[in-house]
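In this document, chain identifiers A, B, C and D correspond to the written order of the chains, with residue numbering beginning at 1 in each.
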Amino acid sequence: MAKDLQADYQAAGFGGALPLGSKPALVIIDFVRAYLDRESPLYAGVEDALADCVRLLGAARNAGIPVLHTNVSFTPGGVDGGVFFRKVAALRAFERGSPMGAFAKGLEPLDSEPVITKQYASAFFGTSLASTLTSLGVDTLLIAGLSTSGCIRASAVDAVQYGFIPVVVREAVGDRDPGPHEANLFDLQAKYAEVKSLADVEAYLAALPN
Amino acid sequence: MAKDLQADYQAAGFGGALPLGSKPALVIIDFVRAYLDRESPLYAGVEDALADCVRLLGAARNAGIPVLHTNVSFTPGGVDGGVFFRKVAALRAFERGSPMGAFAKGLEPLDSEPVITKQYASAFFGTSLASTLTSLGVDTLLIAGLSTSGCIRASAVDAVQYGFIPVVVREAVGDRDPGPHEANLFDLQAKYAEVKSLADVEAYLAALPN
Amino acid sequence: MAKDLQADYQAAGFGGALPLGSKPALVIIDFVRAYLDRESPLYAGVEDALADCVRLLGAARNAGIPVLHTNVSFTPGGVDGGVFFRKVAALRAFERGSPMGAFAKGLEPLDSEPVITKQYASAFFGTSLASTLTSLGVDTLLIAGLSTSGCIRASAVDAVQYGFIPVVVREAVGDRDPGPHEANLFDLQAKYAEVKSLADVEAYLAALPN
Amino acid sequence: MAKDLQADYQAAGFGGALPLGSKPALVIIDFVRAYLDRESPLYAGVEDALADCVRLLGAARNAGIPVLHTNVSFTPGGVDGGVFFRKVAALRAFERGSPMGAFAKGLEPLDSEPVITKQYASAFFGTSLASTLTSLGVDTLLIAGLSTSGCIRASAVDAVQYGFIPVVVREAVGDRDPGPHEANLFDLQAKYAEVKSLADVEAYLAALPN
């Protein structure tokens, strides 16, 4: 992004930095085979993000914070995908029972980690995610997964709307094209979230009180 | 309910009748084994309601209206049940994989009928039910299932809040005790919903334009 | 309520007691002139509840916990009241600008206390209440106001659904008729909330850590 | 946007076109003085969008479709703005009573048109907008106002999530900087909405059945 865009935003009162809280959770959004299988139309070339997300998941489990996972599933025919399913042909990959919905290797949920099955872009929309986080006393939501310009953006916007401090972990989110990836990280940092490096997030997790 | 309670409510401006719409759907709420198995602590003695619900489901499918089903499932340990799971010990019957969550005989969903898996009382809470109904152009929601003082009440209140005309089908809802059953039907008719007999609903479905 | 109803509920796994949290807030729901003016069709005879609610508000402000207030307002004609406004003729008292929407004497909000203007029964529905509470780190919601069988019930059910521990303050809620009042307190204690005396809540507030 | 980005998206199954419905409504989002007054830090240079929005409003009223307006208001101190208010210093312009919240000239609401006062980016979040639209039988939501990369994007994403066909009226939305404006219109057309010219929308409104 050009320097003057940053300057213009700063003058207007955007881009402020939120201090992170003391009760984080991690949500990994839609890191499933549809984006990783080279035969899939949704294949996104996000192998690097996967490796970093696996590392992030390990750090979160080590720190003992709550970990949640989302996937996508539609009734055959997609009636429960509503207008979104009609708009985006690619969503047919997620009809119930499709192998494309399987979690990536290294990101399989533990039995005690909630799997949130969603139909829409935001991990909060039509799910009980906000309730789970609130009932756990969570104040900060680490966000990883796919894709930056879609479900990550929508989930981070909802995170701040629902009252959580959203932290988008830069290396652990990915997108099929660099333009929308960077444009959305810019918007997120400007208005809704803290975009942090994996190293910074690892240091934050390591420093949490027990 | 005493006559004078009805009179008092009418004078205050409650109890009005909503004309039903032309685009109904049916949702069957939590009609699962936990309430039907005599060994289950939640056994509710609702065999009559089951028979009438099966009859209602047949009428809805004959009329070609959308049919949706809900059940309940929690991550083992219940973290995604939040405060509700801590409050109600009976909800442990619905940890993932429990046989108590199986649909009642005669009420098994068809492949094309959405199954909405919920964690809370209202069928709308933490689910995409409202979106599915809105995207289908539904204006009226026929409500059946269990239990009147719990999930039926909560779902009917949310139905009117989300913009649908709620119709509670009297014989096709049930509760473990008659006091709360009748008290909640009274509140629902007074403020939120139309409580209708199965015969009236069957006549309504039969008269729908094709 | 009959003894055997209590026993039946206990055997089924209802009626458990939630320990209260350390970060409460108070919400006072719809304690407005429509229910207090003897000329209003909604007049409910809730002068005692008003006095106790004023006392509760004082205790909450003394304890320094967040206090929020709700009222009701509709666009003239009620289009933003949707199906609920069509159902309940009494809601016309709350068209924008009506004097019936004024807060009760002794319950006027301070400038810094949010006033949540709602259109539906639940104080959470179509409002940002849950977000405000979550962003404040609130874990427990003290609920007072009107009426037990309407907005109190709906708000307490939503409170537990959104992840808060709902505490209904018995003397500070009211209803026009004793039957629905008691029936709803029974359901609330059984499944959704802690129904506590004002004295117990005052003791709880006094014992909060600073 | 580069040609190959379009091609890449099409191959993946994005960018499909939704046919518009027969029951539209118009929502005008946050077209208020804060963005129009040259002394305001939020001044965005959107005079052209204002002129086109006034024209669109006239066409909508002529067609007799529902029209809704949003503005933003926070309790002094911003406690009801939660984490969002802490993140974006610019939001202080919308504390209750600020002159910056006044509607733009030519866009003043009629008495019967709902004004939705919101605290967050999406016009749906923490408001009863979805309920109003559903209860009116609306299937298509025309979206105008400010700003493309903020409240327009968030509202359009929520519109499709809630079950409506979102139509972003290209000339009637605006943003302080062209980069985020175009990047967000690209994402919206790709995944969530129909981005249409004002001329196309006027033709659509003129052709509606009475």
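Observations
FYI, a contact is a pair of C-beta atoms (placed from the backbone, for glycine too) under 8 Å apart; a residue touches a chain by one contact, two chains touch by 3 or more.
Everything numeric in this text was worked out from a predicted model, so none of it was measured.
Contact count check for A-D and B-D (C-beta pairs in contact): higher for A-D.
Mostly identical positions are employed by chain A and chain B in their mutual contact, as over half of the interface residue numbers are shared between these two copies. In this assembly, the C-alpha centroid of chain A lies 25 Å from the C-alpha centroid of chain D. Averaged C-alpha coordinates put the centre of chain A at 33 Å from the centre of chain B. Separating the centre of chain B from that of chain D, both taken as means of CA atoms, is a distance of 35 Å.
Residues of chain C in contact with at least two other chains: 82-83, 120, 125-126, 131-132, 134-136, 161, 163-164.
Remark: chain C residues 130-137, 139, 161-164 touch chain A in the complex.
Across the complex, chain B is touched by residues 66, 75-77, 79-80, 82-83, 111-120, 125-129, 131-132, 134-136 of chain A. Across the complex, chain A is touched by residues 1-2, 5, 8-9, 11-14, 16, 18, 41-42, 82-84, 86-92, 120-122, 125-126, 149-150, 153-154, 157-158, 160-161, 163-165, 176-177, 179-180, 183-184, 186-187, 191-192 of chain D.
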